[in-house]
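Scrolling down, you'll hit the structures one after another.
Here come two complexes built around chain A, the first alongside chain B, the second alongside chain C.
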Partner chain A sequence: MTSRLFYDLVALVIFALVIVLGVPAIMGFDGFELNTFARYLALAIVSLALALSWGGAGLLNLGQAATFGMGSYAMAMHLKLKASGDGLPDFMGWNNVPELPLLWVPFQSLAFTLLAGLMIPAFVGGLIAIFMFRARIAGVFVAIITLAFLVAFQLVVIEQQGITGGQNGLTGLAPLSLPGWTVDTYGVGFYYLVAGCLMVAITLGIFITHSKFGLILKAIREDADRTRFFGYNVANYQTVIFCISAALAGWAGMLYTLVLEFASPTYMSVSFSLAIVIWCAVGGRESVLAAAIGAILVNMLEGRLSDVFVEGWNLILGVIFVLVVMFMPRGLHGLIGSGWQIITGKAGKPGMRPVDTGAAALPAKSAQER
Partner chain B sequence: MDAILNQIFAGLSMASILLMIALGLAIIYGAMGVINLAHGEFVMLGAYAAWAIQTYTGMSIIMALPFVFVAVALVGWLIEKIIVQRLYHRPLDTILATWGIGIILQQTVRLLVGAESRFVKGPEFLSGNTQIGGLIMSNYRLFVIFFSLAVLAGTWALMTRTEFGMKLRAVIQNRQISECYGIEAKNIYSVTFAYGAGLAGIAGALITPLFSTIPTMGTGLVVDAFLVVIVGGLGSILGAASAAVLIGEATALFSMLFNDTLGRIAVLAGIIVLIRFRPRGLFPSNTRR
Partner chain C sequence: MAQLQITDLHVEFGGLRAVDGLDFEVEKGEILCLLGPNGAGKSTTLDLICGKTQPTGGSIRFEGMEISQMQEFRRARLGIGRKFQVPSVYKELTVSENLSVARSRRPGILHALTRFALSDGRAVAPILERVGLESKADDLAGNLSHGETQWLEIAMLIAQDSRLILMDEPTAGMTIQETARTADIFRALSDSHTLIVVEHDMSFVRTVADRIVVMNRGAMLAEGTIAEIESNDDVKTAYLGH
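So, the complex of A and B:
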């Protein structure tokens, strides 16, 4: 186990060097290019957040975009208030909102906003998790419930125009001013802020994966009932990882709003949520670092290819995704892992089990088939 | 009072469409545990097939239905043979793979036919309304309601009164033992998937006069249809039918009380709560899974 941790840390250091030194050097410290790359880094955080719950605990959360959106709206609300000065945000005037809604008032404080961007998603994620896992909901039902929640949540956001800006989202935001530093989205400093956040998130993820907590989550993923028989409170473990994952998604959402300088309800769309799943699957759902790299690679590819094939890009993405699911269920990470085994001649070493098949969803059936 | 009756009719009309989409989904899910997120795209393919047949041959959509069924069933059969068949032992991954297939189908249609909305003419002899007191019912919607009931009856007969249906039910109950008795489970799965896809195609063709035919039309429908399947109970045909009526009517009712968006939100919330307390649906089938 410790050697695995060692490999992960080495990979993290290499990754950090590439992101911190390599990428800015290749981009020639060009603000625009770095801004584009910072967007990929922000998306990498939400991808690794999904890897924690999906790869780590076998909980496929198709509503990850909802918690991502909460974070992004929290940040956008703060910046919108800053941009509006003493007056009301402009869209409220168009919607005949007479005074600042109560929900908006605390977002005047930066400290509250930063805290809320993490805690609100974590709280909501926790509520859903308690609701589901206390009833021992598992497998595809987790996916369906989180998906239904996402659809409902996006509808609410679009419906409440006076508070959320409806379909247009929140635009015309002020730059974020931290104490002693006004963030310039196209500056090198901002790139390092996002990169730093990503490194912290990955380190946290690796720490969780290799901790005893992460080990118990793996046990739950493999067989929830047996873990229960050992006396672990499965629902509590699942709830905690769901909260952590939601908080990380909210964090990514805050950064994403800073990068793009607006918040939109499309961040909470079903297709965005499934795109997160794609990134995570391409990179490798079992490793947070691989999931982050998956997000960066797919988005880089999208950035390059969608210039060339404006129409056909989504088709290519779909084909890649189907191929990954069919032939590389453990993503690039698994591919590298098995390649390494072939090189070192350790193929078939115990401990390298095949990827979670979701068989836990249908325990009785898989028992029959055995 | 009239408003309520009209709303009930609107709910029934929606339920009939949901039922046809959900039936195919319920059979596929019930038989092989595959969550087919590409099902909405089968609906879309059916709609485009109806459009193509009408544009190039001038056939009415009712006449085109058998062709649409065969065409979409063929697409479904190919997809099952090439992709889905390899994923039966990984149920969670089928969600992802079928969603990828959905993207591919949607983008292919967008590239070949274009993203703009296509118009399909409803059949002439079903234009106009039937009026009973204050209740005004569109003839075409009435036709769709009766047609969906016929499809339901047909599917039920297929499942319970034919040799194929018996084999399918045997495979659902226990694949290994059925294979010992000489049933080709693989073929049964392929045909079932194709049949489900064909039903979705028919539903797509029938809704063309009611919905706008665009490449993304299936995405919204599949979520609703899926909820119908889950609420109805895994693989239960009659469960799916009752759930379709329930969800259609609930949406219509909430839409009348609040507005369309809040109506949908209320239904979604209701469904989440329902899954929480009855994860096997309202009418679970008694097969061992």
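So, the complex of A and C:
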């Protein structure tokens, strides 16, 4: 085991203790309070999903909110069907939809729903990825294409009222009923469900980062062309990490629907996608754990401040982002790393990655070469 | 049959014929030195063999297979490795991480997902020792000196272990001692590998070359042993620029 993996696992254990024991203790094991925190934990998953593609492979996916939304709607469709019993979901009646659309039918099944919440985002992400990466699209163009997809996807969802509930989204959901457990969103058990999901996601992320696969992605991030001459199918590597990232985003979306008890097209908005980028950047996009912590911290801050500055929160978020890009391009994670090196006097040694600006997301050189 | 057969190869860059009707062959296990004045098309020839550049005409056969239209990662998998004229290592990765990337005998995703990043550590340690970088294993490649960076890329090609290795000016920027060490390594490599080496350092060429091909203006000017080349009038003229 390498020392860096060791440090990451130690950090994960500490983080897990804080989330599993610390936070519930502070909140007095109060389900209502913990529900708010569970929301942050769900968002932490989508942030770490972005860290895998953006930090790990240099692919800035601005469409992360779309795959998040797919997971979220998958779960909401299932719960809406449960809430509607044998009848049609109410909004379909208002939209003169005569019978349950084919798309909805399989979501009667919980197993299908859980699978779909992961696989549909992965499939869609993979489709976009294959198209982009086979054509050797890189850098800022990845951001533009994924952003364009997000905008188009949100439009379609809003437009197709009869199927999606349009602007209102899907509301009036039943509680999730697992075998032997009807999930109470305001119970402590639900908090642990979300926390458990986050831990699994982080562990998965850490192992991907420290695998040879993660190493090859770093190599591709720095110089995709060079990596091809070692025999790696670069497009396939990029596509797979895109799929994994999309699946994790879908997972986060499913949990998010459970927390808020509705699904809304605002989950697929550009501003939500950009917020994910900011969380990830604040925590540090090169570490999945840091990206998760970034999401939790920024959202806690939002929880505190948005009551005070109702309209101004987006402005604050923007300022945070600019400051992070300018003064700590590798996020809190990079700041801690540098601090550690100063303490141990090992500046310039491993782990001390050359400081790059946000532009590392945009490896400009590969695109024009061929 | 020769391991590599290049026939009537052409490439144009916006009207400039960088490679213009090039023919030569390379036998298995030999060290072929590719010489020529600046701009003769040596690097471009290596680019064409490894797939960095697509030819506008002609054929490249590797072990009997036509590869001139093949994607670069497929050529690498067939057994062609390339060291670039401007040393191309991953500056943001450590020295040993660089070697792990280069050690790509199994380049598939499933294999990579089920291995730790440094699982190649033991396998590449002797290679690091061979090029004298063992004490730098955990340093970032970006912190290496120019000479060390050259060594690292050579080490990466040893780790890649391709049957045909293309070396573009491997000794540029090296001291005399380092150059001599490179010559030893190349001779040892040629037991089980074929090498095409582009070099300007004639004393290095004299020590390693089994055979020499001289290029000028994108085509072959002369071919033979070092003695034959040194007494060739066309070669003298090309280098003196008449």
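In the analysis below, the second predicted complex is superposed on the first by the 351 of 370 C-alpha atoms of A that agree within 3 Å, B and C clash if a C-alpha of one lies under 4 Å from a C-alpha of the other, contacts with A are read in each partner's own complex, and residues count from 1 in each chain.
Operating definition for what follows: a residue touches a chain if its C-beta (ideal position, glycine included) is under 8 Å from a C-beta of that chain, and two chains touch if they have at least 3 such contacts.
Here the structure is a predicted model, which is why all the values come from computation and not from measurement.
Legend: residue contacts after superposition of the two complexes on their common chain; A:Ser211 is shown touching chain C, with no touch to chain B.
With both complexes superposed, B is the one of chain B and chain C in contact with more chain A residues. In the superposed model, A:Leu335 lies in contact with neither chain B nor chain C. Legend: residue contacts after superposition of the two complexes on their common chain; A:Phe230 is shown touching chain C, with no touch to chain B.
Contacts of A:Val277 after superposition: chain B is touched, whereas chain C is not reached. When the shared chain is aligned, chain B comes close enough to touch A:Asn314, but chain C does not.
In the superposed model, A:Ala219 lies in contact with chain C only, and not with chain B. In the superposition on the C-alpha atoms of chain A, no part of chain A is touched by chain B in one complex and by chain C in the other.
Of all the residues in chain A, the ones that touch chain C in their complex are 1-2, 5, 208, 210-216, 218-219, 222-223, 225-234, 236-237, 240, 348-350, 352-354. In the complex of the two chains, the chain A residues touching chain B come out as 60, 131-132, 135, 137, 139-141, 143-145, 147-149, 151-152, 155-156, 158-159, 270-271, 274, 277-278, 281, 311-312, 314-315, 317-319, 321-322, 325-326, 329, 356-359, 361-362, 364-365, 368-369.
The touching residues of chain C, when paired with chain A in their complex, are 50-52, 71-73, 76-77, 81-82, 84, 88, 90-94, 97, 100-102, 104, 107, 109, 111-120, 138-140, 142-143, 156, 160. Only residues 33, 35, 83, 86-87, 89-93, 95-97, 99-104, 106-108, 110-111, 174-176, 219, 223, 226-227, 230, 261-262, 264-265, 268-269, 271-272, 275-277, 279, 288-289 of chain B touch chain A when the two sit together in their complex.
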